[in-house]
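Each of the next two complexes has chain A plus one more chain, namely chain B in the first and chain C in the second.
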Partner chain A sequence: MAELSFNKDHGYLEGLVRGMKAGILTDTDYHNLAQCDTLDDMKLHLQSTDYGKMLSSSEEDLTVSLVDSKLRENLVTEFSCLRSNALPPLSNFLDYITYSYMIDNVVMLITGALKQRDVAEVLPRCHPLGAFDQMAAVGIARTPTELYSAILVDTPLGREAVSDTNLDEMEAEILRSKLFKFEADRRAFIITVNSFGTDLSGADRSVLYPSCGKLYPEGLQLLARAEDHEQVKAVADCYPGYKIIFDDPEPESGCKTLEDRFFEQEVKLNTLAFLQQFHFGVFYSYIKLKEQESRNIVWIAE
Partner chain B sequence: MLLECMMNGHAILYTGVTLAFWSTILIVGTCYTIFDLGFRFDVAWFLTETSPFMWANLGIGLAISLSVVGAAWGIYITGSSIIGGGVKAPRIKTKNLVSIIFCEAVAIYGIIMAIVINMAESFSGTTPETIGARNYQAAGLTVGFSNLFCGICVGIVGSGAALADAQNGSLFVKILIVEIFGSAIGLFGVIVAILQTSKVKMGD
Partner chain C sequence: MVVLELEESSLLLDEKLLRFMDQLELLEEKRAALNSLIEQGWFSMSKARYSMGNKRVSALQYASEIEPLVCVHARTLENGEVDFCTERSKQKARDEAGKEARSIEDIGPQEEGVRRRNKPKNDIPEKKEGEEASSEKAPEVTPIRRIIELSAEIATLQTAILNSRQELKQCRKDKPILQEVSATRLEKLTD
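Our next item is the complex of A and B:
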């Protein structure tokens, strides 16, 4: 029965998001971009897509980081256009999307504070989608408890996930893991693979695992005990979706890293979200696809 | 603790109203039974003593109001999608007005039926035993409900048509065929209602 009342509040925004999704770069665009030799060439090609005059409006030298920040700015403009027109419950949903960026920003600020770096230095590096009002004030706090009681308790994060007992670097991974399902599984795998060389024991690792996703709970217990790549592969074989990702690549096609394969799978799932009308998944998928597009463009530019 | 279970105002309102309604009915029914006043609850008296013209006019009212609700529902569902899709693909704006016209047709069926019942009803009859009036009410109900659902159906399909047209222009005509079939069910309601009213005789 969702279709009976969905359009009353969210019909316009859904139409808008689908229109914006139609403007995402296609195969031919990527082909053209890949054949460019310089950044100016790329700028020319990008002008004919939805990006338009965005890149040409700046007079500074064209560097890859400038392109990256402009793309990000574009995404933030579109997102704030959606968010400002949204009614609850869509506005709550869009806020949840920003929380993951907020958590990343908070962690970055905390590590910057711990290393005695100036706040003004760290602030520009924060992701703009995760900006919240009290960000600049984070630099004033000296201890994590002060940080929590003064600032974070006012933000939406303070209400949801953070408490002053778990504001250190390890726990930030737990916070990150609390949010998404496929991403949760993905993080579990990445945490495992990345922890092989470090001192994290199996018990420590199992604390970092998220508590949702297809791997919960049996897969996570198996992963906690895995000690090398072969054992991780054995765990992945039990789940058909993940088996394909872990299969050995053919030697001719070139080696794709694990991260790349996860990205591919994520893009596939995100495009599937557009096949149904009258639900919020299209907004989340659009943001993720736009991000992937920015990553692609930056990768081509380098 | 009870207040924590109900999280927003809507839930409290709906549960409160439902509770009040059912408790009133329960208490009134119990009182009637206890005090042996059950004879007062007389359905037959109600049906025979009310004027037949009430039923006929009720039919007219239902015909037009339910049809308009259906048409309006359909139009807002389609309209918001057309506006949203039209931002990035302005070419869909004019073509998709056809969906809105299909929804509007549903309201027109309703008004046609209302006028037909109105004209057919002759005010000369004075005897109360006219079962014809119930036919008018039934005709109104028929056309009203069928147009309600037809309007909603055409609206949802029209919304899909607008969004698909924004992505790929060749899809519009194909989805329009689905919409035509959806619109036909409103027509069925009108046909049946006309049949119902055609054999009614009010009064002597």
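Our next item is the complex of A and C:
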């Protein structure tokens, strides 16, 4: 019955996000961008897309990092437009989307503090979607207790997911896992595969796994015991959605990494979200599709 | 006698010229190999940034003060040539470093603070890339080590090429003098 009243509060924004989704780059756009020889050519081609004069307005020299920051700025502008017009519960949902960026920023600031980097050097690298007022003070804290009690307790992270007993670099990785099933399962697979050949044991690895997702709990127990890629593949074979990701690649598909295949699957799932109406998933999917688009453009630029 | 000297001088000049050309060709090959390895490195970095995100593949992954893994030692030999050698720095264990007297005062909390994940001390930068971890064995010579070796070889070769060029110039200066002397003596003989 929620569908009957959905449009009253959220119909305009759903229409807006569907319109913005129509502006996402197509195969033809990527083909044109891949043909470019220089960044100026890319700028020219991007002007004919929804990005418009985004790069032309800047007076700085055109570099890959400038392209990346402009793309991010564009995403933040669109997100801010949606957030500023959103009513509860959509506004809460959009806030939840920003929590993952906040956690990323906190982890980055902690990493910077551990590497004895100046806060002024690290702050510009933080994602603007995850900005919060107390961000600059994160690097000053010397212990997890101080970090939580002085800084994070008043932030959305402090209210929702963080406590002083579980805050350090590794636990922040765990917080990232409390988001969505596919994201959670992907993180579990990537953590497992990347831990091969390092000092991270199965027991240490299992602590990093999320407590949600399709793999939880049996699949995660199997992954914790996996010692090589074949064993991970055997676990994935038990789940139809992940079996295709680990299947042998087609000869003409080229050399794709596991990350590439997860990105492909994620894009497919996010595209499917737009097939239904009257739900908030389209907002999350749009943000993720725009992020993938930014990754693609930066990859072509590099 | 002079004619013999002239012949020997010509042969020596040809030999030095051929050696110079060989060195140039070798230098060209090594530079191409070095450029290729560096391009591969940049490509790997781009792939890592695509997979892991720009934040996780950046200068932030390294401490503000980094100890070198490899030191390059250079020395000048008696014949004026410069020789290079690379030496892997000995890395001390964390416990041993803490026991040694520190010349720099360590300011900060003595207790365990925000802790970092334990990483092996001999972790080389290329292992931090975001590519899928492979169960296959890594190649015997890592790309970074190969690049360092190639750089040292190229530097040595460039010094050798400069010396060869110098010798070639000297030989070319001496040859006309010998030719003149030979021509003068021939005239005297025919008179």
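Keep this in mind: the second predicted complex is superposed on the first by the 298 of 302 C-alpha atoms of A that agree within 3 Å, B and C clash if a C-alpha of one lies under 4 Å from a C-alpha of the other, contacts with A are read in each partner's own complex, and residues count from 1 in each chain.
Basically, a residue touches a chain if its C-beta (ideal position, glycine included) is under 8 Å from a C-beta of that chain, and two chains touch if they have at least 3 such contacts.
Since the model is a prediction, treat every value here as computed from it, not as a measurement.
Three-chain overlay on chain A, with chain B and chain C fitting side by side and no clash.
By the document's definition of touching, of the two partners only chain C reaches A:302; chain B does not. Shared-chain residue A:14: touches chain B; no touch with chain C. Touched residues of chain A, counted separately for chain B and chain C, are more numerous for C.
Legend: residue contacts after superposition of the two complexes on their common chain; A:277 is shown touching chain B, with no touch to chain C. Once the two complexes are laid over each other on the shared chain, residue contacts for A:73 go to neither chain B nor chain C. When both complexes are overlaid on chain A, the residue A:4 reaches chain B alone and has no touch with chain C.
Closest contact between chain B and chain C, by C-alpha atoms in the overlaid model: 30 Å. Residues 3-4, 7-8, 11-20, 22-23, 277 of chain A touch chain B in their complex. For chain C in complex with chain A, the touching residues are 46-47, 49-52, 54-55, 58, 60-65, 108-109, 111, 113-120, 127, 130-135. Residues of chain A touching chain C in their complex: 68, 104, 108, 110-117, 122, 125, 127, 141-144, 147, 168-170, 193-199, 228-230, 257-260, 295, 298-299, 302. Those residues of chain B that touch chain A in the complex are listed here as 73, 76-77, 79-89, 152, 156, 159-160, 162-163, 166-167.
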